[in-house]
Each structure stands twice: as structure tokens, then as C-alpha cells.
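Following are the structures in question.
Next come two complexes built around subunit A: one with subunit B, the other with subunit C.
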Partner chain A sequence: MEKRKVVKGTTLVLWLVISSLLMTGCLGSREIDDLAMVMAVGLDKGKEPGTIKVTAQIARPGDVRGQTGAPTAGTGQPIWTASAEGRSIFEAIRNLARYSSRRVFWAHNQVIVINEEVAREGVSEIIDFFSRNHELRMRTWVVVTEDEASHLITTKTGLEVIPGVSMDKLFRYSEIVAEAPRTDMRTLQAAYLSRTTHPVLARVSPKNRQISAKANGEFGSNPQVELSGTAVFNRDKMVGWLSTKESHGLLWFVEHVESRVITLPCAGQRERSSTLEMKNAKFQVKPVYEKGKVEFDVRVKAMIDLVELGCPDVEDQYVWMQQAEKEAADLLRGEIESVLEAAQKRYHVDFLELGKVFENHYPAEWRQMAQSWDDAFEKAQVRVTVEANINSPVLLHKATKSRK
Partner chain B sequence: MRDVGELLKERVSTDLADNVCCVEDVLGGNADLIKREFVYHEQRNLTGIVFFVDGLVSPKEIDHSIMRPLTMHTAELERFQHAHLGPQFAEEIKKHVLTNTGILLFDKIDTAINGLLSGDTVLFLEGCGEGFLISTRGWEARSIDEPTTEPVVRGPRDGFTENIRTNTALMRRRIRDANLQIEGLQIGDRTRTDINVAYIKGVVREGLVEEVYKRLQSIRIDGILESGYIEELIEDAPLSPFTTIQSTERPDKVASSLLEGRVAIFVDNTPFVLILPTTFWQFLQASDDFYSRYWAGSFFRLVRFIAFFISLTFPSMYVMLVSFHQEMIPTALALSIAAGRESVPFPALLEAMVMEVAFELMREAGLRMPRPVGQAVSIVGSLVVGQAAVQAGLVSPTMVIVVAITGISSFAIPNYAASFSIRVLRFPLLLASGALGLLGFAAVFSLLVLHALSLRSFGQSYLSPAAPFQPSEQQDLVLRMPIWMMNRRPAVAGADDTRMGPNQMPAPPDEEGEGDESAESRMADEEEAPNAGKGKRKGSRPWRSGKS
Partner chain C sequence: MKVRITNGMLMGLVVNMVYAKAIGLTQGIMAREAGSDMWMATILSTLQGMAVMLITVIVMLRLPEKNMVEQAALLLGKWGGKLIAALLFLFFLGAFGTVMITFVYHLMDYFLPEVPVIVFILVGGAVAVYAVYQGLEVIARMALVGSFSIIALNVLVLFGSIYQFDIRELLPVFQNGFVNTIKASRHNDTDWAMATLMTALILPLVRDRLTWKKSAPLAIVYGGLFVLQWPILEAGVLSPEMTGQYIVACMQLARSAEIGQFIHRYEMIMIAFFATSALVQTMMSLMCACMSVSHVLGLKDYRPVILPTTLVLGGFGYWVVLDHGRAMRLLSDYWPPAALAVAFGVPMLVFAAGFLRKKKLAAARKEAEEEKQAQMRKSS
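Here is the complex of A and B:
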């Protein structure tokens, strides 16, 4: 009897569990093929004042991958782009649903493109929205463009089938040129929330660069997205741009720079040049606080390879390499000084994370200065010392020269 | 005609005709019952009679050890004239005339009938108050074959047969220990199936054998046709999808289990022997693990653990990701999956269920149908389910891959019963993850784990030594450690838990060290040598030192 009761009880519990599982009717389930996967999103100002225009680049999986699953380019449009306006970002996004036959799904978004005008008015609501929403990822790249963001979103760019993925890979591979900071939502939010630092964002712009295979006479007929330069923010408002040279200098402060290409004109013939590649570098900032004055010591130690010797009258390349060390160091120092100049004199904001360094070294002094840090930063003296070591000619032991 | 039950209680009488009557009343109508009358004492014209069941006996044995001695050596019988008809008569015949090795004197008809039905020969002699039950069993049996359900690459190729004696003999061949105990009993009111319980005295945990007997003896059933009957009647968790008793066709597996202190139950007429207590992890072990080197053994076992997780969770993981957590799929993969599903009209859950069922159908069909038709299933299966379904846009290619990998994985689990329970448990997991995503999957998976944790097999935790965790017993769980490291028996065993001597790890002799030593000692010897003379090589050959 006891056993039978236990069996009955177990059956009842099992029955309840099974039916409660089945009666949920697949709560919250949505099939992957019912989703419109956003690959890139652009934010522009709307037509009416106070509105925002959201442009979403959505992948069409059927054309991204062929019937057999292999990528097929050219059979159809791999992306579908739509834009909608609204008084807030969320409203605009919801308005997208008027046109989209599938549920707009944001988790695979690769890049957020912000128009310069929007950026100049302030990005705090963008930061809030994109970090609050659970479907959006903090590792999404954030960039600013002076062009219409919607234009950039619709540009077919890069080797990948989906332009958004191309832009993602552009960022991943950008360390080799080191011309723009790699800014994602997380770093943007961190810089915005930080007491010491102001945000910077990478700059993208369309450039007519692609050579069409069908009409190779028209060089550069198709625009491609270029990643180069930096947008500087004061709190949440964009205040200006940094040039490529200044961006080079900036990257030392905000990222770990290891690779650079340095081109030096030849001593005799200025139109010819040699090229060096930086392989490894150490960057150190040391704050000094004395008698109420803030000073910084910036030290760079770079290990450089000779990759292209274009100067014609080089007798011994090792001697040339020794001579070039100073020139290379000057060039690197010039870049760093230019960005310091831009930060201190032009924009008057600390986006170089120097305040953070200072706080770490002098926490007590920082507490007194925190309120007036931007002033102190402007007046701070920064000494830049660059040491360049050119010690490897890579594979060639002697300069390439005809012996005839 | 009297009732069979009453007849069985009859005692053997001195009147030959009475006894014959009794036997014939019970078994008379059977075509395979053979009765052979003969005269064993010409002078006095005394007759005897043998009964046996044709097909169960070896006629040669009857001829050699019963008929010949009794009819040809009548002269011998003269010696017993004085004892004739006396109480010692049967004993004398047994001792001096019959040459068979197994003879039992009985005085109950019951014993005779039982013996007859198990292949023994019954002999009644006129004027003798007892009958002879003579062991002449010998029937057609399958020879020892390679076990088909548990093949190995390296290891013994013999498997159990349907004959229980052959099976226990295979055990004796492997363990020549006086402590190996093989005890017999019969279960089944009608089948009277021979059951043998084997264990090693001193190794087995105290009380385990008694518990096994207690459970076996409480079985009341008309017939035992296979060890599965026994398994279901004595297991700890009859309602659980997990099997808590291992069955195997491999004698080496049983032998190793016995050495670990487990108990084996042999059942007549089946090659499957039960091993208990059993832990879940035993189902993921194959004999190969222990015969290949430990690197290979550990690798194979890791592969099997992966196969176990794949076959349990892969379809549900896929469904869960595709219909709930698309953000967790890498972008490129998400696009591929979405592209494949573009034309599929069903939700992923239904698609998975349909494919799983199709796979199970093919497996079952492949198992049941006559072998010559086998090709048809593989053609239809691979063509229709694999390709046509994808091309028709009914199933996504990713789903075919998922189901195929799951199927392959489930076959990588060495024990069929265990792979079956995993295969069944896949479905609730699939349903749950299709209904509630990760939440449902986690809930059902936790329920499964909790259930498995609550199981016991003859007093041993089903998931031990993983849970409860026993650090000392991890050498044979996920990895198969070298044999020279596994110097203890698992905790199932009784008091004697050391199974090998110390320092069993082999190593080449330390030649250099020894060489130096001997060279030194030789030099030392040589210094003393001028006086000692004979003791020159003393140091280098210590075993000679005594003689020199």
C-alpha cells in the first residue's frame, strides 16, 4: 500500500511538471529565422527638430549564406537597410517595426555610427540607452562620422558579405596602422562616467577608393569606409576632431601601441624616403607633484625594424640606422606633443587619461584637485622623452645596391 | 490418475513397477521422455530401468557410465549377493559398479523428476529402495563466441554463452583463487532457472552477499528467461530511467568486477551476467581502457565522456540557442543557422523532435529487420532523411548535423542499457529547453542530477566516487591512471583494499650508479686483494659473497 501511494504521488508530480512545461507554450521563444539581425546602426538627426533618425543595416541570411550554407556574394542583396524616426532612440527603433517583416534583433550589432551633429549635441542618451538595454552588447564599436550616418550604413564596404562585419573586422585589424582609437560602448561609457577622463571616439568617413571590377576605368567609383582620426568629447558633447598625426599621439595614452609605420625622408634627397616599422614599445607616464604644480614625465622606448631602405647613397646601413634613430624619435615625440597641444590648448579637456594616472599616484592630492582638474591639466607641464632603437635590418645584411 | 503434486511427494519404493508408474504418471505423455529397460543380473533375472529426456543428455555418457557397467560387469555383481536387497545395496552399486562421476541417491520422486528435467538420468533397480540420479547432462549449445554487443580492439575475444556452467568455468579460468565462491540456487516456479552468485571471499564487502541473497530469495515468479528479469526484480530504483545494475557478456569485465569486490549473478540460458553494485561511471568504461596503455585508455575515456554529454544535451542545447538565446551564437554561425532555417516551416523544437524520432526509427528498424534487408534502411535513411529532407526545405542542414552527431555519440557509450537511458533522457531535456530555453534546460537537468544523486546501488552511491567526492578514487574516473598507480581497491570492496605491492612503477635498472658502486668496491677489494686472493670480485657480485 505504501509503495503504491509513493508511485501515485510521483506520477502526479511528474504529470504536473510535464503539463506545466508544455502549457507555457514556448514562452518567449522566437525562432532564429524570425529575427532581423541588425549588423550596424546609424544615428542621425531627424527631419523634424528634436527627433532622431535610426538607420539599421539588417542581414538577409538567405543571401548571406547560400542554400548550401556557403557564402554567396552577388546572388542578391545580403543586407536590407531601413530607417525610422522618433523622438527618442527607442521610439525610433520601435518605429522600424513598421517596415520590418521580422522582429528587429540587436544582439549581433557590430557597430554604432553617430553623426557629427548628433554627437555635438550630446551622446548621453545614446550611452544610457545602449548600455541599459539587455539585448545590446557593450562590445559594440562606436564611431563618429561627419557624413550622414545613414549613408555610411548603406555603403557596401570591405571584403565581407555584410558591411557591418567588415567594419567590425576593420577595427580588429586596425592596430597595424594605429590611426584611430578602438572605442566600444564599454570604453565610451567608462570614459563618460569617469571623473578624470573625457571620451574619444574613432572617426569613420566614406572615401571613394574601391575599384569596380566591372568598370575598372572609373577609379574609385565606389565609396569605402575609412577608419582614421578621432572625435574628441567634452563630457558628452563632441568638441572637435583630431588629425591622423594627433591620433597617432593619442593612441599611446589610451591604448597599448605596439606597431607603427614610420617614414623618414632621406638626408640628401628629400623626395626619397626610407621606412621603419615599430615592433615593440614601452610607454610610461609618471606624474610629479611639487609645490602645487602638476608635471608629467612621458617616456617612450621603441624597438624598431628597418623595413624599406630607399635612400640611394647609404654605404653602411647599420651606420644609417644609428643616425635615423634620432629622427624617428623626433617624429614620435612630435606626434605626442601635438596631441598634448590639442588637449591642453585647443580643446581644454583631458581625454588622455592623465588625470587617472595622477589620481593613482597622488590620491590625497587628487581629492583636492578633482574639481578643478581641467584647469590644472591645462597648465600641467609635460616632458616627452622618446628613445628609439633601430636594431634590426630584418633579412638583409647589406643595403640593396647594384655592384656594377 | 493421481494429481501431479501428490505424485511428486511419493517416496521411492522397492517395487520397480511402482516407481516406473510414478515417473510415467508425471511425465508419461512426453515424446522426449525415453525409458529403457534392461536386465542387470542374468542369473536372478533382475531388471533395471533408466529414464532420461532426449536432447538434454549425452547418450554416449549413458552408454559408457551406466549401461555398460551394469550389463557387462554382471559378474561383479555376484559379490553383492549377500547385500542383495539390503539397505547397503544402492550404496554398493554406486561405489563399485557405476563409473559416472556424479551420482546422487534419492528416495523422493520429486528429486527424480527435477533431475530428469535438468538433463540427468534416473536409474531404478529392482529390489533397491533408492533411485540413482546420474549426471549425464549434455545438450547442444552455442560455442564460445566473441561478444557481439561489447567488442574490443585489444583484449580477450571470448564471451559468455547460454550455458551457465561454461560461464562459471570462464570465471574460474580467470580467477584461480580458492576464495572465489560460486554458489547456486534456483529461481522460477516453473522454469527452475539455475542462478549462480559469484564473489571473492575477503574482498567483497561484509553484508553485500547476504543482501543479494535476501533480494534473490524474495523473488516469487513462474519463470526467469533472462537476467533482465532478475535485474528488474532486485534493483534499487525500479522507477528510475537509470539502470543500477550492470549487465555484460564479457568474462574479463566480470572478473575485474569480482576483483574489485563486486558480486556477479550468473543466470542460466543467457550470456548476460549481472554485476552489482554498479556506479554510473562504469557504463562509460570499456575493457579496452585497461588493456591499452593508460595514455590511450584515458583518451578513449575522455572521448566517451564527451560523447555522453553530446548525446544527452546536444539537441536541446541547439534548440535552446536557436529559439531563445540567439545572442549567444557567434554572429557568423547565427547567420549560417538562420540561412539554413530560412525555408524550414517548423519551429526548431518540432524539427528536432521529428529528426530524433526519425533517427530512433532507423535505429530500431536496423536492429529488428532481417539482416539481408539491412541495406534498404541505410539507403532510405541516408537519402531520404539526410538529403531529401534538407533539399525539400523541411529540415535545416544544421539540424541534420546535430542529430547525426548526437546519434553517433550515443553509440560510443559502451553499455547498451546505459546508452538507452541517456537516449531517453534526451527527450525531456529537449522538450524543456524548447519550452523555456535555458531556464527549462537547467531545471530539468538539475532534476536529473538530483535524481541520479539520490540513487543507490546495493548501498553504494550511484555517482560515487564523483559524488560523494572521494579524492583517493579519482584515478579511475575521468582518466584511467597507470595500473601501477591504482594500488587500492575501490571503496566497494571490504577490508582488504590493497591490491598490489609498493613501488610497482617500472624503471630501468640504475646502471650508472651501480657501475660506479661496483667499480669502487672492486678497487677497494683490489687493495685488499694481495692478501685475500679469492675475494677479488666480492663487491660486484654480492650473491657470491657467501660462497667465496
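Here is the complex of A and C:
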């Protein structure tokens, strides 16, 4: 009995010692004040051939607080931007560590900005690095800019204190304007690995939009990052841009479009216009395969509200709404046809996921033409039918007109 | 008095024994082989698992007081029983290796890349040893907690990723052919194999034998449903190509999920809810290996062999996990044929032996019945 007690006691002590050694949480620990939290990263070509320049926008938490409330100790700058070059992304990042006083930490990175020149040479290395790294999120936004990515990273943009956060928010609410695809690392990697689709990335560029608070007479004195347009890729290499109009058309194919603004010029007075807001829409692509020919029927049904009637001659807004339906439908159809033209005739790549749609409907036929899909896609006839229903003037029963 | 667990606990153990590996590593391998049919392969595998579980339970019901090894010893002789026990030990040695791959790669690759592999093996092994010393009932109770964690994890991941789901990625069905999909399902079959062979060893300790036939296959159905959500979401959210790109596919889904702007990093949630299931796998693999060793050595209690068995299993686990390439080769190339041969072969062999030696089986059944009545008389 006594012996058992001793054994039990010894076992307990052993367990406690082992537990205290193993469960301290010290292994691999990183203190928060030792970390340099990257909020945005830019990738440009390096000065030396074959090198890449990585620019990291790093948050300074103390000064982030100081900007919104009473100033605290520090420089007052909410971000610290640093760049380094290397033969690979990882080497460049390691080179950043040469002068960063804290360990570079990627878990909070919001956006990856790729310079056009880098994108045209290929992004497979970028996809591999950022998807392989466990610190990064798969929902990190990925964009292309024709400007220097390092310039864009340093641009103070939006309402948020940290520009990286502003760019994140820009994407989160971009579905309202629907002018660029919402591309993150997950969608980029999926499109790159796909057997049927080529990637697209959102385009960002700095535009002089902000009115300076210090010199408010100078309109547009400060640049702001604008999300507008799309970069098109053939496998991993960028081949060109899509305009805003083409990007509107693209989003039907790659995202779920629910809302967007449609502006129609007034009949007789082209300098004035009325505005519609799309509230809901159904998009359907149906492939047809007959006699070795690939065809697609694209159908759009949009439910639209009248949000601003700027045409002065309108007597009955309900009549105007009925007449405007055809014009709105033509506009939407024109956008879809423009992106089809770009994909089939200008870039010769299927970034519209039509290959996936065809494979799902005709799996046996797909197996035969999978290798030559880009050729078949180029020749495919696509019929676009758009039905626009403007069925709500929102709050007003009558057009706003002076009764005098 | 022998430790007894309820049918509900058995179901919890079966679900936990399958879940952790089946949702991640298995799905990654199946995505590489079956593409968008990975979810079909999971369904087919669940059906196969149900069939094998039913066969196992039918075999066990012939002599409900004895486990598969004891039955084999009775029907095939002492050395036949030892051979079956040795086979089961080898099976659970391999199973422990696959469980360690799951456990370590989730924690090490996504959270603690600087921590040496040996620490994970020591921690996992220590928890398993403690639980096995405490006995089956303790592990079974933990499995019930694990089942609730599994439900919570499934619900959270569903909420966090459904908005990115694209059903087109699941189509066309049987994209790479029916035969290929069946072939790919063998990887998930190895997960069910762990559950069926575990059941073969612990079923006599489950209380209500009248419902064995119902509860054991039903556990496979529940486990299958919990697992099935993952290939559907992985294919629909990540795409099959991207799922096949990763070693631990479920963590990739967790990395892509979010609820609004409030719950960002699902990896933490994933580990918090999935750890119980992974640890139950570790514990049961060790326990079944210990039971097998005790049968080989002819011991009545498995406790004296816990430490030596842990050293062997831990050593093997460490060796496998140390090299990612070796671990993936074991999982995708060597483990399926070995595991399925044992999981299907052993119950069929014991079944055939019982069929050929009906008289011996009837005599053993009569003896067991008499023993039971004697015990009842004694207690009354």
C-alpha cells in the first residue's frame, strides 16, 4: 500500500515536471512588440537584371493611435515603408530584415501590389511564395498597377489611417461600383491552377482625387488609389488590360453581380442624364455543341431602380422607365460583347470561365478538345440576350418638376 | 468488473477515429487523383466503410464476449490468434504514423514551424499514454466532447466559406471516370479501416449488444456526413486543383474562410475544435496497439505494455513525420494497400474460420452462455 502511494506520488511529480517543461508556450513564441506588421506589399523589378524589389508598408501601432486621438510619442507617421531587393521574393524579404529593427510579420498583410512589368514577366513565383507561406492569408487582395508598386504602397489613401487597410476596404465595398474584379490570392491561385480558365487581377492606379485639408483651394492635389479596370493573364503572364467598360462585362462571368450604376443620356439633351441602379440580376450561360461547333447563349435579366431622373422633358416617369429599359439592356449587352471581343479577338484567352461551363455540360466532348480549348474558344459564337426591367422609381411617384 | 461504454460512446469514438485525417490529408490526396470527384469518392468510401463495419459486427456477434483476436485464437488456435494480434499491431503502428502526420503537420506547418518535430511527438504521445492508462471509458467520454467540437467546427467553417462556394467546381460528376473515383476512394477507406478494426477490438466492451448492428454502421453514416462537408467545400471554394496542391487541404480551407471582418483567422478555430478529435485518434491507435501486443504476449491486461508500445509507435511516428516526402509517400502509396488488406482480410478470415469450424463456435457460445448464467446466479 505504502509502495503504491510512493509510485503514484512520483508519477504525479514526473507529470508536473514534464508538463511544466512542455507547456510553457515558449517554443516559437513571438512577442507582439517585436513584430513589424506588414499591411501592404509592393513588387517591382529590381535595378539588377533578374532581381525583384519588395516594398513593405509596415504599421507603427503607437502612431496609428496618435493620429486619431491625442498624439503619442513617436514620429506621427502611422506607417513605415521599406524596400529591399533580391534574386527571389524570399531573399528580398530577408534583405529587409537587415535594417528592420523588428521581425517582418506577414499575417496582417492586406494587399499585394504587382507592378505591370513584373506581371508581364510572370506571376507564378509570386503565387507559389505567397500560397506556400503559412503566415499569409488566402484572402489577401492581389492587384496590378502600371505605376511603380513602391509608389502606390507609400500613397496615403482613403479614410483609414493605414493605407493598406484603406485598400482592403476599397475592395470590400467595390461591389457597389463593380468596375474591377475582387481578386485575392485564393482566386488567383485557383485560376492559375485551373485547366480551363486564365487569371485576371484588379487594376489600381493613383489618381489626383483628394482635396487637401491644408490647401483646399487646390482640387485634386493629393493622389488616391483608384480601383478600376482589369489585368488579363495568359497562364501566369499578363497580356493586357481591360477598360472599365470591359471590366463591367467581365464581372458577370467571374463574380456574382448584384448592384451597379447605369447612367443614360437624355433623349435630345445628351449633356444631361438620368441614373439607374441595378438591384438584382440573374446571369446564365448555356453552352451548345452542335456539329463540332461550340456556341454559348448568355442571358441576363436585370431588375433596376430609377434613382435620379435628370431629364427635364419627362412628363410621365413610368413611360420614361419603360422606354429606358431597351437603352439599359443595350448598354449592358454592349459591355458583355466588349469583353467577349477582348477575350476572343484581342487576347485569345478564356478568362471568362466559359471552358468550365462547357466542361460541365459536355464532359465527353471536353476531353477531346481540352488541349485546344483556347482555339475553340476563339471561334465560339456567343449570343447575348439582356432583359432589363426598370420597375421602381423608389420613393417618388412623379418626376421632380416645378409647378410654377 | 470490466469497463463498459455505451453505444453512443462507441459512435463518438468511430466518428473521431475517422474525422481528423479524413477531412484534410485524405482529401488532398483524393483531389490529386479524382479531381472534382473527391466528394463522390468520399461518399463511395463511406458506403464501403459501412459494409465492412457491418461484416465486422456480424463476425463479432457470433461470440459477443470475445474480441476479434480472442475469436481468432479460439477458431485458428493459439498461434493463429497471435498472428492476427501481430497483424493488428502492425496495422495500428501504421495508423499511429498516419495520425501523427495529421497531428504534427497541422500544428507545425501552420503555427509552430520552428518547434522541433520531437516536441509534438512527445506531447501527443504523453497525452495518449495518460489517456490509455485511464482506460477506454475516459477516452470514450473525450470522444463525445470531440463529437461536439466536430459539429461546432463544421458549422463555423460552413458559415465562413459558403459565400465563396461555386457549385460548378463540383461538376461534372465522374469527371475522371467511375473506376478512377472508386480507386481514389481507397484513401478514405483507410480512415474507415481504423474505425472498423478499433471496433473489432473494443466491441465486447460496448454495453447493449442488441443495437451493435445498428449503432456501428450508423456511426459510419454520421462520420461520413461530418467528413463529406469538407470535400464539397474544398472543391467548391478552393477548386479541386488547389485542394490537390496542398498537404493539409482542410487548413487551406480554414485559411480562406472568414465571417465578416470579425472572424479572420480560422486556422486557430480549426485547431481548437479539431484537436480533440486528433488526440482521440492518437489515443485509440495507441490503445488498440497495446491491446494487440498484450494478446501477442498472452497478457490479461494491456497496461504493462503501454510504455514499450508507446516507444515503438512514437519512434515510428517521429521517423515518418520527420520527412514530408516520406510521410506523403507512406500515406498515398504504401498505406492504402497494407491497411485495406488487414481491415478487410482479418474480419473475413475470422468469419471464414467460424463458418468452417461451426462446432467449435457453437461450443464456445454455449460455454459463454453457461458462464454468464453462473455469474448471474452468483450475483443474485
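As a working rule, the second predicted complex is superposed on the first by the 370 of 404 C-alpha atoms of A that agree within 3 Å, B and C clash if a C-alpha of one lies under 4 Å from a C-alpha of the other, contacts with A are read in each partner's own complex, and residues count from 1 in each chain.
Everything below uses one rule, namely that a residue touches a chain if its C-beta (ideal position, glycine included) is under 8 Å from a C-beta of that chain, and two chains touch if they have at least 3 such contacts.
Since we're looking at a predicted model, the values are computed, not measured.
**Student:** Per the contact definition in the header, classify A:159: touching subunit B only (first), subunit C only (second), both, or neither.
**Tutor:** A:159 sits against neither subunit B nor subunit C.
**Student:** Should A:28 be classified as contacting the first partner (subunit B), the second (subunit C), both, or neither?
**Tutor:** Both subunit B and subunit C are touched by A:28.
**Student:** What is the contact status of A:395 with respect to subunit B (first) and subunit C (second): first, second, both, or neither?
**Tutor:** Neither partner.
**Student:** State whether A:363 touches subunit B only (first), subunit C only (second), both chains, or neither.
**Tutor:** second
**Student:** If you count the residues of subunit A that each partner touches, which comes out higher, subunit B or subunit C?
**Tutor:** Here the partner covering more residues of subunit A is B.
**Student:** Touch check for A:193: first (subunit B), second (subunit C), both, or neither?
**Tutor:** second
**Student:** Give one of first, second, both or neither to describe whether A:107 is in contact with subunit B, with subunit C, with both, or with none.
**Tutor:** In the superposition, A:107 touches subunit B and subunit C alike.
**Student:** Going by the contact definition given at the top, which residues of subunit A touch subunit B in one complex and subunit C in the other?
**Tutor:** On subunit A, the residues that contact subunit B in one structure and subunit C in the other are 22, 27-28, 107, 137.
**Student:** Across the complex, what residues on subunit B touch subunit A?
**Tutor:** Residue positions touching the partner: 239, 322-324, 326-327, 329, 331-332, 334-342, 344, 347-349, 397-398, 431-432, 434-437, 440, 447.
**Student:** Give the list of subunit C residues in touch with subunit A in this complex.
**Tutor:** 109-115, 119, 122-123, 126, 130, 164, 168-169, 171-172, 175, 237-239, 241-242, 245, 252, 255-256, 258, 261, 264-265
**Student:** Looking at the complex, which residues from subunit A come into contact with subunit C?
**Tutor:** Checking each residue of subunit A against subunit C gives 15, 18, 22, 27-28, 107, 131, 134, 137-139, 172, 186, 189-190, 193-195, 353, 356-357, 359-361, 363.
**Student:** Would you pull the subunit A residues touching subunit B in the complex into a rising list?
**Tutor:** Listed in rising order, the residues of subunit A that touch subunit B are 7, 10, 17, 21-22, 24-33, 35, 37, 39, 59, 61-62, 64-66, 68-69, 105, 107-108, 110, 135, 137, 162, 165.
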